[in-house]
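Which chain is which? They are A, B, C, D, E and F, in the order written, and residues in each are numbered from 1.
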């Protein structure tokens, strides 16, 4: 089993979710995060004070999948989240040892 | 060392934390997340517009533990977080290479 | 490639980011989290009711880096985030199999 | 000391004439003419300054309810329930406003004009003569507390409407975060009809200074003092809240989950608007704009200030913190306590009464409630009920002319205290019984509580299909 | 039934004297003296109670706009755009306030004093005689609807200022979340000048009860009833909103992204303050403080309450939920509908009119809008446009004396309905054409919409350089 | 031009009689009788329209403070400190309200009735004769600026109470996010006693139009113009804020951490309520309801509007953005500047004065503050101090009858400018010295700042034990 973690632009979330359900992903977890990267932030001015805001709102998606599905999932996210403009985000993949479904106690593949 | 990541129902947080401290876990980190899965969301209507909200509020708990404690920790979470109803959540386990306590510079087991 | 995840005090974020850019880190992702640990929380009282708030606001930083940079990155975070007082936080390191830059499709080292 | 304006007797006169008309047609015209002549002779003097003051007071009490009370309560619940509280207050206000026009005003503020016409019910409740405001025209007038000074009756109708509309809404705080929307609406209507209207009639209905010997409401007749509604509004609603929260049962997770207020900023805005609107409530109850009206405002400032400071001070002494919520809660306690005494106390008495109310309500909320273990979500009983009793009894003291108060006649504190205590008792029994019985009936017919899942998910989504913050 | 005060004719008299002065210097002084004598003889009676009521009403309408309307709208947009809406309302209010003093008051409320002086334009628009309030002093007076009852003209100037300032601001809701800041400001100014001012003049300008035969505005002359601005304010702004949102086009992501209101709590505060402020709007339009003013407040309470309950009830019937946003939307619909009838309907008529408006506007917003597919961000047309038409036509019915209304003369519902319909039509055509043409011109010169990236990022950052919440 | 009502001389007369009584018992009765006769002859005329207007104005100024000012400030701090600001304003308001009754009113608004009775202190501070409002009954009256027009003295007491209560609260913005709660409370009390009360006495105390030659406050005697409190309120508080923030030192992380306002929406609500409440502040200062009151409202609209637009415009020119915070800040600057001129300027003068204030305050806040490097958290000095000076000096210009103003007598702009400048100077010195000395003493006794850890954690948790948002 693998964990696929993607950082994407917030307004792409619905499209990515649709792309994932289309290829059979049944569950995922989403977190609001802030990203720092090549994409430039903006400046905010409050009366006399300027703040350079370098962190931009992003969405983190985490999906546990069977190893044989990783490629499909990464491809689905990549194409759904892409705008071609700087700041589109990243996908990271890493291994998981174990998965448990709390409700039933099922583990690993059955738990996803 | 392992990382145990659990996605649970928000109102179960206090019970899970108590279960974990009971078995000697001394630290953990919690994030508010939104989950998508078998549990169905709800529909919100604002005047003429309906939005199907498929993401539900969940809590993510992350705990770094010694490998020999993983089983106990997973069991504690499982039983404390369980309501038996759909949407109870998942537990994922994966390995960590290294841990550091920033304050002291202690590493690995001492850092937890 | 490795993932370095650090839990730090919120007001240290800017210093840590500066320390990281200074050593060439070009991207990172930040999440607002709550931490439970040795650092004691506080008590809030609302009229007759007291709540012991044991979760404290923390910031989680996640950085994907080349394996050979891990040490430098950990050192930079450690020194920038340290106040010497309880609750300074932790750093965890674990491996990633794959990284993709969504915009270009570049993978692994080029994707960071 | 008398507290309710004589309402235009023209309607009754007309009715009498109409009866006469039925008996002997040829006497009818002269009768009307005489009537007109009498009216012309004692043409009621309406000062537009008074009229404006009553219009302003009406508007202030509305602002005190929506958004004032709604926000005060809304900030205190968890974010998943804030809309449910707002909508309950808003819909409750709307519903009662309409019922006020339909039958409320009539039941509260009509009655026999002479002892001869009075029935056994006259001291307890009015008639249906003015249903749908029958006979109330833009020219009808109502007498103030000053003989010969009148205001348009419609200003009295709308001013009293706002009292009727806010009082049931107060109860909502006790049962927040768990009651069914339909159940709360039905309860408010029943309680308004069987507890609020009789209490308003008993305390406030009389013939006005020009007909001071005519029949009046029961407690008014006893000489009970309630300048702006300590019994009618606060004890009435506070005790209803206590009964309701006990019948309803505790919230899931009570004393276990963190139920901290989701936005004390909203609560603070609400508390301030309550304070601001309360000037209309208390000083509007004078029915005219004069030096005593200013006194009522002054009292409503300093009593509230003293209560807020007292609450904060005791909090700081006993727990090491003076909190914002303490300041707001103290302020509301002070406002409640000064209500019956607003135009009866001097500034010094107001300060003392406020400070006492602040401390007593703090103790009720912080010590008594946990001891007894009921779940009055937003402390309606601890603040309105207890504060109302402190105010009702305290009024007997601070109204004493010897203490700078405005009590009149052969005033004795002890004598007045007994009357006040009796009035409090009548109120507690009335509202207690009405609340208990009506809630049990509603429970049997509709059920009172939302499902456990709805309560966990929050009433905003479960009942109203929307979320407060996105 | 007549609706606008005669304004102080002293200015014209002075002008006449000045002319006389030019011709024969020795007659000038006596002329002035005579003038003064005449004035002394018929010294206009100003009651300070009326003055105070007009001051209060003015302040209430301002509170209704800022923060009322601003919050109502601000809560309904996404959090990335809330400041843009607030600043548009705030700056729009400021801009129009100043223009009102510069030329607005003059163009709306001056005109020929006698038929002989009238020109072809007199029924449509005023003159520039009172630019910069020339000739309006602290002693100038304006007649109310009661013959011989005057208020200081400056109170009329400021009261009407608030109407002029809120009306353009209403349009902002239709075009929120995508329009350029400069474009909206220019549009408001143009629309105010070419649609609001003529409509105000046509509906409200007349010579006052003491000069009822003098020339008046076109629709006023027809006998159109609009107590507080149903056509001038609501239909006018509502239709402009419809045209504007069509010309502007839909928001990116419309019907795809979740555009749920970011804070219904703010919307609720706004709705409540709209209601509270609307009492000044509707009852202030009576220009004095008497029983009819109280009636207007009563109507504004019960019509609104009925509309809110009706909306919630139908929502509950058709979708299983009675929502907070429904309650708030219904309330605004009721307020809009009762506006033209506020001082013309009885309480019963007001309740019915409100309930009808609640249901019709719900249907417009929930069924018509999706059917036609335009993106009126905050339903300005569905609530103000449609509600305004319901109110304008409904006024003909509820004003009927036979139905408890205050219509006068030989009142027939059918006859009045025709007049009202004609007035509605004139309004729709005026505002429709003005909006369409001016927006196209602005589009060509400045462009109307922000860039796609700015729209995605949110106007707060992109246009105003700041974020609402940190 | 005179600015403070003559207060009921009955008290002094009674005292004189009492003395006479002591000397010769048999002359006492006739003396009283004569007194009564004189009173009856010149029975002071109280118009209930005026009374109502003063009641309304009082309520408006309270709403301007709580919640207005509290929210304006609360929105500008970080979310961890919002409650601390709210509670400081709320508790400060409460504390000063009570002190006003205890000794404030007496020290500000009493003094020698005749030159013979005057002492060296008379021009600087009042007496303790009316402590606890001794002698002020519901029948006491105070003269307005119009000879023979009176209002109930209690309306004057409560109206002035609100001025006394808001002024110290203004200072809180300068020292927010770091001061100890106890320290700020003590400071407010000391500053109120030694800076506010003398300034109010010096600027506003006089014998009224019926006793215009009697002694008066120092600056009033000079002929300084301050219609509604430009010096007494704004310069006074603004300079105190500057001194306080310097003595206190900068916030931890100043110019390094992101200290962006946590909710500009709250700030916007606050700014709007400040504007709305300010109508009571400025137009209430006329003490009666007439054409000039309407003029004061008009000025308070257009000056504020002009200032908001001016600030936005310059922001847009220099930085490419017109911000919501800019609009709100500009509006407050305009309100401050028009305060001393509210009933003295024409509308044109008001617009210009507002626009100038908007630009000057922008420059003070954006350029001067960073240059000098002090940490005035919420720009109390930049807006109230600087705006106050602009207003005080500008009043000399816009009050000129030649420019449409209402200045009277042999008015010369230059002459008046000198007087205004002297008044400003007296104010700056008084408040500067009092603030500096009292803060140093408090620092030595209690300490001024919270601990570093408390400052980092936020004052809400650390000092008040609660959090704003959960």
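The definition used in the following text is that contacts are C-beta pairs under 8 Å (C-beta built on N, C-alpha and C of every residue); 3 or more make two chains touch, one makes a residue touch a chain.
Worth saying up front: this structure is predicted, and the values here are computed from it rather than measured.
K.L.:
Going only between touching chains, how few steps reach chain E from chain A?
P.N.:
Graph distance in the chain contact network comes out at 1.
K.L.:
Could you tell me the least number of steps, going only between chains that touch, from chain A to chain B?
P.N.:
1
K.L.:
Quick check: more C-beta contact pairs at C-F or at B-E?
P.N.:
B-E
K.L.:
Select the interface copy of A-E from among C-F, B-E or C-D: the correct pair shares over half of its contact pairs, counted by residue number.
P.N.:
C-F
K.L.:
In whole angstrom, how far does the Cα centroid of chain C sit from the Cα centroid of chain E?
P.N.:
Spacing between the chain centres: roughly 55 Å.
K.L.:
Measuring from the mean C-alpha position of chain B to the mean C-alpha position of chain D, what distance in angstrom results?
P.N.:
So the centroids are 49 Å from each other.
K.L.:
Between chain E and chain F, what is the gap in Å from one C-alpha centre to the other?
P.N.:
Once rounded, the distance between the two centres reads 34 Å.
K.L.:
So which stretches of chain D touch two or more other chains?
P.N.:
Expected reply: 47-50, 52, 56, 258, 260-261, 263, 269, 319, 321, 323, 325, 465-467.
K.L.:
Where in chain B do residues touch two or more of the other chains?
P.N.:
31, 44-46, 94-95
K.L.:
Chain pairs in touch?
P.N.:
Per the contact definition above, the touching pairs are A-B, A-C, A-E, A-F, B-C, B-D, B-E, C-D, C-F, D-E, D-F, E-F.
K.L.:
Along chain F, where are the residues that touch chain A in the complex?
P.N.:
255, 258-261, 319, 321, 323, 325-326, 329, 365-367, 369-370, 379
K.L.:
Residue numbers of chain B touching chain D in their complex, please.
P.N.:
11, 14, 42-46
K.L.:
Can you list the residues on chain B that touch chain E in the complex?
P.N.:
44-49, 51, 53
K.L.:
For chain A, which residues count as touching chain C in their complex?
P.N.:
It comes out as residues 2, 6-8, 31-38, 54-55, 58, 60, 70, 74, 77-78, 81-95.
K.L.:
Which residues of chain A touch chain B in the complex?
P.N.:
Residue list for chain A touching chain B: 3, 17, 26-31, 64, 94-103, 105, 111-112.
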